[in-house]
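Chain lettering (A, B, C and D) follows the sequence in which the chains are written, and residue indices restart at 1 in each chain.
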């Protein structure tokens, strides 16, 4: 995607002058299409700095891979990608979304990773009616109380990933469990998802240890778990927190004595940093590296060839975002104006994803398989299909 | 809650406190003794951790990595002092806040460009990777005990140097009254450069030592920045003993809060600081 | 002499083991200058800090117009009418002399918690400021930044600020400190001129100045009052000579004037 | 306070801003509104930092609190009427400022900085951890407030241009108000406290009380700015109260020039404008992806070469301030 230089419009220059003598950004260009069908403008609002940088990069890489596989054209139109760094800062979310929609005049906005940013983005997308594809942020609200026709999600709701683990533990007779999680939005929702799959079927939650986000001092929690001696411990941590918790768990000698389980984020893409401490940890997620679907094999090969490193679940979610946009645009021959038809096409789409085929729920959240995985020498290997076509209850969505 | 549980939790609290003292030690020097509000303290901690990560990958051993890392942080600290901080000694705190805020932005971006965005881990050196069993299910990582010992040694030596050596005396004199110290023949220009670069190195070494028990990821600096200031301020500015007691107090409050009062765990530390400052407006051992 | 307006009984202040001020009785009536002399470290400044409320006494009592003000903070004591100046110049260096004096004059208003009318519109405050500057002989320097005027003029500004507060009691802590001979004469003349109508407690080392203006003289040594009374009587007292000229000096009687 | 030339320079800036809604599209209007609202916020902090000598590192607590109160009082199906919603938001914020101020103002210097930081962090975690208002994900204000008397809607902040002009007028009125307050007896006292608090006590001023009143005024104005900020996009998140937000406000005050009142407003405009510039790929190409380095460099240059900030620069260019007797 070559960024082409654009010329300056009189109207825009005056607007800029107005923004303030000191700002003096008069040279900001307008966007003009020169000849032929205008390019499809896709804006990404993803973290390209801060703790979630890696997720932002994985999603963007995989989405560009999906566009490349479509021959660089969607519904006959070339693609222009506009990347904006969300910095995972919610106060900036609404403004940066305005920038994508108001100034860059994009047809699709793809993002974010952080749930707080997702809330800000969704508010503007609902007001402006712009097509919004969420490739990661799992806040239940996005496909719950704040669901909207123009908002789709290709990742998961926080409720989903932990839910199947309840059944897995009960099938193995592990009834007494302790929950330990970061006590913020995603952590609470994931714990609730697990409880909904565990308690109604006879499971007993002995204790819930909530740790303030983003603290990473786990010694006191590990000591408490050791004294309670539960059958298993369900945890929700991601990124740096996941690396540290797994290493502390092993260092405290609990590895092998008490079973450690959780949603896939505990070991997804961080096993290299966790080292031996991650071996044998079982998690449930809508993806695993060793899934033998043809789509997965080709995707992982293409990703490694293009970017020189293994793909992860965040890449799969970005790849599917690209496929979803492609499905929508091809259904309307690239006419982004025909929004209703495009939405109908995307709602009905069956995505042939590396994680296996999945369809869109009425609240626009993936109805997808969840796999039990186990870490074997650094790879999240598939153990079995934990739950088939699990759909988010989408409480509060009136769409 | 039997007594063993309480004992172990207390040990956890003290160990976390000692780690906090190690992390805040650089700031105790730069902010506590020299009175420079250095918001970039977290960035030096992060740079130290990333240096440990890279050199451990190269040499395979954490200790050689630290030995390689120390000169780098010394040069970095000296450079930052000579280029930037030198202009700020006569300026008020606010200009230090603004300049070091700018440094945070630059260091964060440089880190991303050099090391990228992936969270990394640094393996614990084999000799210290064992664990001591203390109950049938729980055992205590040897490396954390090693860290606590290092903290105690560091605290002792810092107090010794600052309290009982000529260099320490000059540093304290310079902090108390820079102009007077200069007129008494103390070469404050070079002394400030030395103290600042030692402060930066302490922050870097803290990052290197903590790397095996922490995760090395972009933005790790901001996580420890505020808690480091809290440690220095609770103890009382300019007092090494105060920072030590402050750190251990925070460690205990944090752990007990986590275990016994989980709902207010996140605000417990800030509540402690507010309470201490309202009871003794210049910290536990601070000079007014 | 008229009844004392300000009196302290059994006043002491100790910092740890050190008794800076030890069981001191002192009183001062209107229209009188009560000078306090004594070697360095005698506790003179500490005594002033106790009277002005800057320091809380360890024991003893201070009454002003028959009202116990022992425990009042400095700003309450000042509002009651006890103004003080400082040994080390203690002014607002960045403000002009006028603005320095203005703040002192404004402190007499019932309350400064007023947000709408411009401060300069307060005529009473304007007059107080002008009069204080004039009395202190600084009206020509009104618009110059205080930090740029001479040291002597800064001491005069201290006194002008004191006058602008229209107190009843003046606590003067070494107003002549660091002054040259001719400046001292000028300031002594100023003190003599302004003292009628005030009760003045004057701390000073300059003996000529003290004997020129003092009605009552107290000598303090090591926190204790050695001698107190009319200047002439105190001058003859043996204890005072020993304190000043060292033990045995009284016997030698070298005839040097105190 | 400011000299005629400085006032005229400010008038030009206000005119330049006022032109935006007429020609800029919705994005520029919202950006300009954010500049003005953060300008009001930074100006309120300057009342503390530049005029009373109280360096608060927790001023965003009041900025965010007011936004959250607006969320809590706004019904989900209708717009809240500012006639009662605004006084409620400002009342709660003023009360919080009174409580936090009463405790913090007892400390001095760096300890005051840290105590205000502590209270702000406590408020941040209150909204971040509790489910009262959406927890860490933040919460919506579905309908932006309106100002209606009876059934007659006079002002609807839903319109971005309306909100812009409402904010601009608020900025001008508040600036004039603060200039008046600083020339009133109260203003003289707090400026004296900044230079030499001990001397002010000796003159008979209860400095604790005046510092507290200044803290509450500044907190309430910050609350007003928070009310407007929440109305721009109808979204509030705990990060609004975080220490980074307080840090940014301090940067704006120093960048704009402490103790000038209008300086921090210029600081806010400059900081947001320059960030907009550095992030634009057309101007800075691939460096735009690393805009934070340029921003860091910009901030450092201001500290090293323009010690009294952009506002101070403006005063120097536009001539000395008229000497105020």
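FYI, contacts are C-beta pairs under 8 Å (C-beta built on N, C-alpha and C of every residue); 3 or more make two chains touch, one makes a residue touch a chain.
This one's a predicted model, so the numbers in the text were calculated from it and none came from an experiment.
Tell me, which chains sit next to both chain B and chain C?
Common contact partners of chain B and chain C, which must touch each of the two, are D.
What is the identifier of the chain with the smallest separation between its Cα mean and the overall Cα mean?
So the chain nearest the centre of the shown protein is D.
When I count C-beta pairs in contact, which pair ends up with more: C-D or A-D?
If we tally the contacting C-beta pairs, A-D comes out ahead.
In terms of CA centroid distance, which chain is the most far removed from chain A?
Result for the farthest chain: C.
Indicate the whole-number Å distance between the mean C-alpha point of chain C and the mean C-alpha point of chain D.
Going by mean C-alpha positions, chain C sits 45 Å from chain D.
What whole-Å value do you get for the distance between chain A and chain B if each is reduced to the mean of its CA atoms?
Averaging C-alpha atoms per chain gives centres 35 Å apart.
How many Å are there between the centre of chain B and the centre of chain D, using C-alpha atoms for each centre?
That pair's centroid distance is 32 Å.
Counting only residues that touch at least 2 other chains, which ones in chain D make the list?
125, 128-129, 292
For chain B, write out the residues touching at least two other chains, lowest number first.
108-109, 112, 266
Mind giving me all the chain pairs that touch?
Here the touching pairs of chains are A-B, A-D, B-D, C-D.
What part of chain A is in contact with chain D in the complex they form?
Residues in contact with chain D: 3, 5-6, 11, 14-25, 27-29, 48-49, 83-85, 89-91, 93-95, 98-99, 101-103, 115-116, 118-120, 123-124, 139, 141, 146, 183-185, 188, 212-213.
Of all residues in chain A, which touch chain B in the complex?
These residues of chain A touch chain B: 49-51, 53-54, 56-57, 183, 209-212, 214-217, 219-224, 226-227, 229, 239-241, 243-244, 247-248, 251-254, 257-258, 269-270, 272-275.
Going by the contact rule at the top, pick out the chain D residues touching chain B in the complex.
My answer: residues 49, 55, 103, 106-108, 110-111, 113-115, 117-119, 121-122, 125-126, 128-129, 243, 247, 250-251, 253-255, 258, 290, 292-293, 295-300, 302-304, 307.
Which residues, counting only chain C, touch chain D once they are in their complex?
Listed in rising order, the residues are 52, 54, 73-76, 78-79, 84, 86, 90-96, 98-99, 102-104, 106-109, 112-120, 122, 143, 161, 165.
Would you pull the chain B residues touching chain D in the complex into a rising list?
Listed in rising order, the residues of chain B that touch chain D are 37, 39, 84, 87-88, 91, 93-95, 97-99, 101-106, 108-110, 112-113, 226, 229-230, 233, 237, 263, 266-267, 270-271, 273-274, 277-278, 281-283, 286.
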